[in-house]
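Let me begin by handing over the structure; questions about it come next.
We just call them A, B, C, D, E and F in the order they show up, numbering each chain from 1.
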Amino acid sequence: MRLKRIELPFQSCVSDYKESDVVIFSCPMDTTTSFRPGTRFAGNAIRIDSFGIEWYSPYRDMSLKDYKTCDLGDLDLPIGDVKKALKVIEKTTDQIIKDNKKVMMIGGEHLVSYPVIKSFAKKYDDLHVIHLDAHTDLRDEFFGMKFSHATVIRRIFDVLGKDRIYQFGIRSGDKHEFVWASEGNTHLRKFDLEGLDLIVEKLKDKPVYITIDLDVLDPSVFPGTGTPEAGGITYKELLWAIEQFEKLNNIVGADIVELAPQLDVSGTSNAVAGKTLRELILLLHSKVIK
Amino acid sequence: MRLKRIELPFQSCVSDYKESDVVIFSCPMDTTTSFRPGTRFAGNAIRIDSFGIEWYSPYRDMSLKDYKTCDLGDLDLPIGDVKKALKVIEKTTDQIIKDNKKVMMIGGEHLVSYPVIKSFAKKYDDLHVIHLDAHTDLRDEFFGMKFSHATVIRRIFDVLGKDRIYQFGIRSGDKHEFVWASEGNTHLRKFDLEGLDLIVEKLKDKPVYITIDLDVLDPSVFPGTGTPEAGGITYKELLWAIEQFEKLNNIVGADIVELAPQLDVSGTSNAVAGKTLRELILLLHSKVIK
Amino acid sequence: MRLKRIELPFQSCVSDYKESDVVIFSCPMDTTTSFRPGTRFAGNAIRIDSFGIEWYSPYRDMSLKDYKTCDLGDLDLPIGDVKKALKVIEKTTDQIIKDNKKVMMIGGEHLVSYPVIKSFAKKYDDLHVIHLDAHTDLRDEFFGMKFSHATVIRRIFDVLGKDRIYQFGIRSGDKHEFVWASEGNTHLRKFDLEGLDLIVEKLKDKPVYITIDLDVLDPSVFPGTGTPEAGGITYKELLWAIEQFEKLNNIVGADIVELAPQLDVSGTSNAVAGKTLRELILLLHSKVIK
Amino acid sequence: MRLKRIELPFQSCVSDYKESDVVIFSCPMDTTTSFRPGTRFAGNAIRIDSFGIEWYSPYRDMSLKDYKTCDLGDLDLPIGDVKKALKVIEKTTDQIIKDNKKVMMIGGEHLVSYPVIKSFAKKYDDLHVIHLDAHTDLRDEFFGMKFSHATVIRRIFDVLGKDRIYQFGIRSGDKHEFVWASEGNTHLRKFDLEGLDLIVEKLKDKPVYITIDLDVLDPSVFPGTGTPEAGGITYKELLWAIEQFEKLNNIVGADIVELAPQLDVSGTSNAVAGKTLRELILLLHSKVIK
Amino acid sequence: MRLKRIELPFQSCVSDYKESDVVIFSCPMDTTTSFRPGTRFAGNAIRIDSFGIEWYSPYRDMSLKDYKTCDLGDLDLPIGDVKKALKVIEKTTDQIIKDNKKVMMIGGEHLVSYPVIKSFAKKYDDLHVIHLDAHTDLRDEFFGMKFSHATVIRRIFDVLGKDRIYQFGIRSGDKHEFVWASEGNTHLRKFDLEGLDLIVEKLKDKPVYITIDLDVLDPSVFPGTGTPEAGGITYKELLWAIEQFEKLNNIVGADIVELAPQLDVSGTSNAVAGKTLRELILLLHSKVIK
Amino acid sequence: MRLKRIELPFQSCVSDYKESDVVIFSCPMDTTTSFRPGTRFAGNAIRIDSFGIEWYSPYRDMSLKDYKTCDLGDLDLPIGDVKKALKVIEKTTDQIIKDNKKVMMIGGEHLVSYPVIKSFAKKYDDLHVIHLDAHTDLRDEFFGMKFSHATVIRRIFDVLGKDRIYQFGIRSGDKHEFVWASEGNTHLRKFDLEGLDLIVEKLKDKPVYITIDLDVLDPSVFPGTGTPEAGGITYKELLWAIEQFEKLNNIVGADIVELAPQLDVSGTSNAVAGKTLRELILLLHSKVIK
């Protein structure tokens, strides 16, 4: 008989922090969301609905139960205070990096990727970022704010500099963002994933962080997001991308962001996010060097 | 920095089992539900949404954070196997009773109250049950089954015998159920709570278990249930009932059953169940004798 | 083994037309609905969800299964053609009246009550109507149309004349409608049911038709309707009204209208309508003279 | 033929700013919302659904179309920047007060009431506030923030001082909030509106601002809000309160806050808010002195 | 400070009628809808949710803010009176054509395309129509009505004659409709868009009106419609079609019809319609000759 | 005038049992569903929404109204008693087979396919099964149960033996299931339908039963199912599969299972299931030998 306090981790990710090679945490923040908020609830929605997901992946032929993964749950973020929240995320990531574990982060709005990547950039001089998204996120400022879901990749650029960010699937933004990208600042592929296989080849020995705004998927596949943008990729295309990532020898961490679970009452978007999470956790484990 | 495995208990109920006076568990079972299923998801829905509830009750002038409560989460029930599931619930309750703690159970369908009450009946010869519900639940058999949400109070009668069960708020059932009750088998009050204060007075020194089928509430108050039955009580009337329960000196346990969270996408029913749960936990703590 | 074509009547209302004392039909029309349409789907929504309703009423101490009721289902109404549709409803009612059966009609928008009442008025010189509603429905014209959900009681007045219509629960309308009513045209009780018991006393030997726009209920009780109007009656007040109706010795027919099932995904409004329907069918049967 | 740019005001509130006695504006802000956000969308949701509301009130015997009301729509608030947003609201209110018009504000989260009341306090030394709410909103700080939906009445207290704030319907908060209120800081009536009629009598010649957190209503009546709290008032009780307000000779402004329209897909909560808005606009007009 | 009456146009389409080259209006009519109504609400749903859409199109490399577009909002259509409503639409279109502007219409059910095209046919002898749809819409009569969403293309044929209508994506209809089309009456391409590029080439110097029933999209992409029909085109295929339309030198107007916003609570269908609208407005502007 | 008891069959399937070549029935059972239940409601949801579907198929160039099909509706299954329920299904199928008619079954959870196939296996020694699904369903036991939605194909294997089951589209399961299949037990094609055309060729003269778990479709196409699994087939791919089935000369029956209608409030999944049902009924009729 089990008479222990309740835990509700993602699927079978019940290992202790110390013994784990991959650490999951979620960032319940959507403060700068300009249209429909709610991504703060993504982490636990994915956890609760992970009951419907198998631990075995027929894509990777690996099973979550064969690997040590710790799920920290939602970080305690001060609601409505963007700066403090980003600080908490950064410090948490710092510690996990120091403890030599891989990071699997769940948003929240896309801005939460910034402190995670900033933390990795402190360790890796030559960090590269692969960015899948419907939106450019390259504004320098949005509604007068420097730190916003709409500026996050620009802020990451401020940290990493040129030739470090590879964007795919982009189909929405202001004109000046596309122009700025094309001036040699980021590698931006419009509309689809073409060329991702070549980029992966090129970066195979670099430290790489993967940030997936799930709205890169067509809204038919993933309606549970604040600013759905038609014309996105299919789920099979996303699976193809993850297959390409296998060629990267040094993936340091990854995230999935922008699930707003209450917008899709069918639960499908939770399931899509959960399956993607499983695939990414397994991908990270396959890159652990012991 | 918190680098521990995730827990998602009800509100601030984070105490260890050993040190706790009240123990919460939930029963994810809706196998015999004849109309719209889904009560299996109630426990975690209440937990997740308990973020929106204060730990202080202005009704009891007590606060959850001042008391030791352990939340065990969902029991591991074999899906689709009613007998085994009831056995697991009974054994868990046996142990909690043995450890001299009070039980706060969350359904699931109403049948899950049976093994809990049966377990208490083993300890208390003169156990009495107060039952709030829209439905009689007094059939002897339903769709050929002896154990069903529609027979649960009849089965409890089999255990406790006459003059032990007090039913309130009842407004739905087959004619023969009302007739059977009126033959001196249970005390059945139709439509409202009239007389509850007198019953409580009468039972004040008896061991009493309280089972609340939340559909006793009018569906306007609690739409998130499988068989909503118009003409129920208001939430203020339920609060009045709980206030009456304070006069009972020996409440051994309580339950709330029949929340089907997916039926009320507004989340209101989760909030109603969560508030009721808080009030009942505090009620139980107020009856702990040290 | 049952190898017959499917039937999906309301609850246990499976009798043949010939042998039945009460005949149910539904009118899938919402053509003149000015705000949110969808009442065309009410009939079958109530039927499907009647699986969750008992056939026994503890209010009337009567059971549907002890009476002969035929459910004709949705009438075949030409979509978008108001005049033809009203004609079909009137003819159907004519025949049922001719066959000496009582009519239980399910809307549809409120305009469908017009042809039913018109049909009864042909038989009964002194027909009276009791009308429960949130809205006056007394406009002489609406968006240029004489026949509309907003003019239906005015059109019925054209048929019946003064001192024949008793309105209760009314809390919405244009000023001129309230003024017109108060000029001795209809008996209009604002906001609640006060006086209904006296009216029933007065009409006890008259032929009476009861038309219940379910939005007379507070939207908390009945959110599934196109123009919810706060400040309505509780379900217990509606039950009280039906209890009063028992004193009427000559109820010729009744209807419930304006359920728009898709607006209440919890299914509660279907259940409320279904329970009301059961009570009214039983009420009609209790008035059958053999 | 109308060949003009689209307008979508509340009901028939189409007057120009200059000629209007009452000015409506909405504050699309929910930045500090700690649980379920979405109140930013309330203003336009009420406007769109006001098509289903009559302009005549049978409660006040007044009609919106007989009065000059200007609807400014949503203010342009910088998303995610609380201080700047509050400044914009305050300046807008300053101007409307200067132009000698009454203010009818629509939230947003409750914090948006602060700048409006602060603006009125600059003009009226003896401003009083009547506050209907489920929640105390009296914390001095919440998640480290001074300005929050959970601190708003405390911040208003900082501006107005003792004996100026009358709270009704309160049924949720931390213990220290209730204690603080009871120390002579605010007049706090728990659970219901008892005594409101006496307070209104007392304040009848004072400048009074009315702030209505719509979650004072029972969630059955108003499920479309982020933190529903069972045990609230009925809509008829709210109507009674508004009737009492008629005795106040100097109502300077009013607001309704905390509608989160996406949480109630039935549209009922929009309709409830819209009807309340109509009643309050008419109330304000009845207090205009020319 | 903005102290002006509210406007809620589509995205940044805030120009005055006189100065605009493209004029948007919406037709809130769904009277003849035979299954699930609600398209009457499409126009304002698209407008409200256009806040989540960029004004720049990376597909056309054009931005809404660089062009003059007037949004007239919903036309005032008499509810339930098909003939009068069609007359209002036709007259409005007549005037816009007379003023030498391009028309961008938003339905409403598909029947509203009829008066717009009829109006254009008065000016252009050789008007051609490109029609994207899941349904044939070629019945000569439906439920006894000549003017219906199911007969609209047949009625347009009555105006234009043979060899003028090109249908694509068609996958639902009665057999006789497919047969009639194949008898040289319309060019009907079943299931997909194959051949659209060739047709566009052929019509490049003709006056062309484009009518897009959004249910041509697969229901996965566009669930918010009354009669979803599986097996439709992807959004990328629709984008390809719009790209082909660039070769047409004389597009006189366009419409999108059959969005029923309440059927897709995720808001995705609104976003899909809004993006399509932006692309079509920009397409129309690219064809303005000054 | 129609004065008959209501029937609500699928589309135009109104023939009597005796005269029909194809017999539809539905199995309202979801007892062993381990995650989100609700498939018990599928049959009537498809029937009600079949009003929105044409009887003519442009894919098969056949029309439902030209063939005799009897719809028996939901079988009367004892709720919560798996064994008895399977027995009822098997006996019903036995009789239909004996009467030399083809079976078109609607689930319910996938376990309901077992008794149907078992019944056919009694008649046909060399019965083959084509199985489209997202999930392997090959566990030997699930939660301690032999008969479960997760073991159904394994149980069917127990009846049919090796080389009889062809699985397509499979993308979820435990590792041991994939391994077991690959040991020559079933023919399992992962992820897509590749090779289906060859299998059909091979089986063209064999008796074949087709079981389609609709979750083989991508959840974008079919969100209304309990365990959505991203990465599935498109609807056009399913249509292609049905086209291949035309080459099978001896299709004895077919089923569609796992629609949980309440999970997709847009109604799209009902429409997808209904269209698939129409195509399969027509396919069965095309294989009737007279």
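Operating definition for what follows: a contact is a pair of C-beta atoms (placed from the backbone, for glycine too) under 8 Å apart; a residue touches a chain by one contact, two chains touch by 3 or more.
If you're wondering where the values come from, they're calculated on a predicted model, not measured in any experiment.
With steps allowed only between chains in touch, the distance from chain D over to chain F comes to 2.
Both chain A and chain E derive from one sequence, and where they touch, under half of the residue numbers involved are common to the two copies. The chain pair from C-D, C-F or D-E that repeats the A-F interface, sharing more than half of its contact pairs by residue number, is C-D. Chain E and chain F have Cα centroids separated by 38 Å.
In terms of their C-alpha centroids, the spacing between chain A and chain D amounts to 39 Å.
Counting partner chains per residue, chain C has residues 36, 218, 220-221, 265 touching two or more of them.
Of all possible chain pairings, those that touch are A-B, A-D, A-E, A-F, B-C, B-D, B-F, C-D, C-E, C-F, D-E, E-F. The touching residues of chain B, when paired with chain D in their complex, are 51-56, 58-59, 61, 63, 218, 220-221, 234-236, 239, 265-268, 271-272, 275-276. Residue ranges on chain B touching chain F, taken from their complex, read 30-34, 36-38, 40-41, 78-82, 84, 143-145, 148, 262. For chain A in complex with chain E, the touching residues are 35-36, 170-175, 178, 190-191, 218-221, 223-224, 226-232, 263-265.
The touching residues of chain F, counted against chain C in their complex, run 1-9, 14-17, 23, 44, 47-48, 70-76, 91-92, 95-96, 265.
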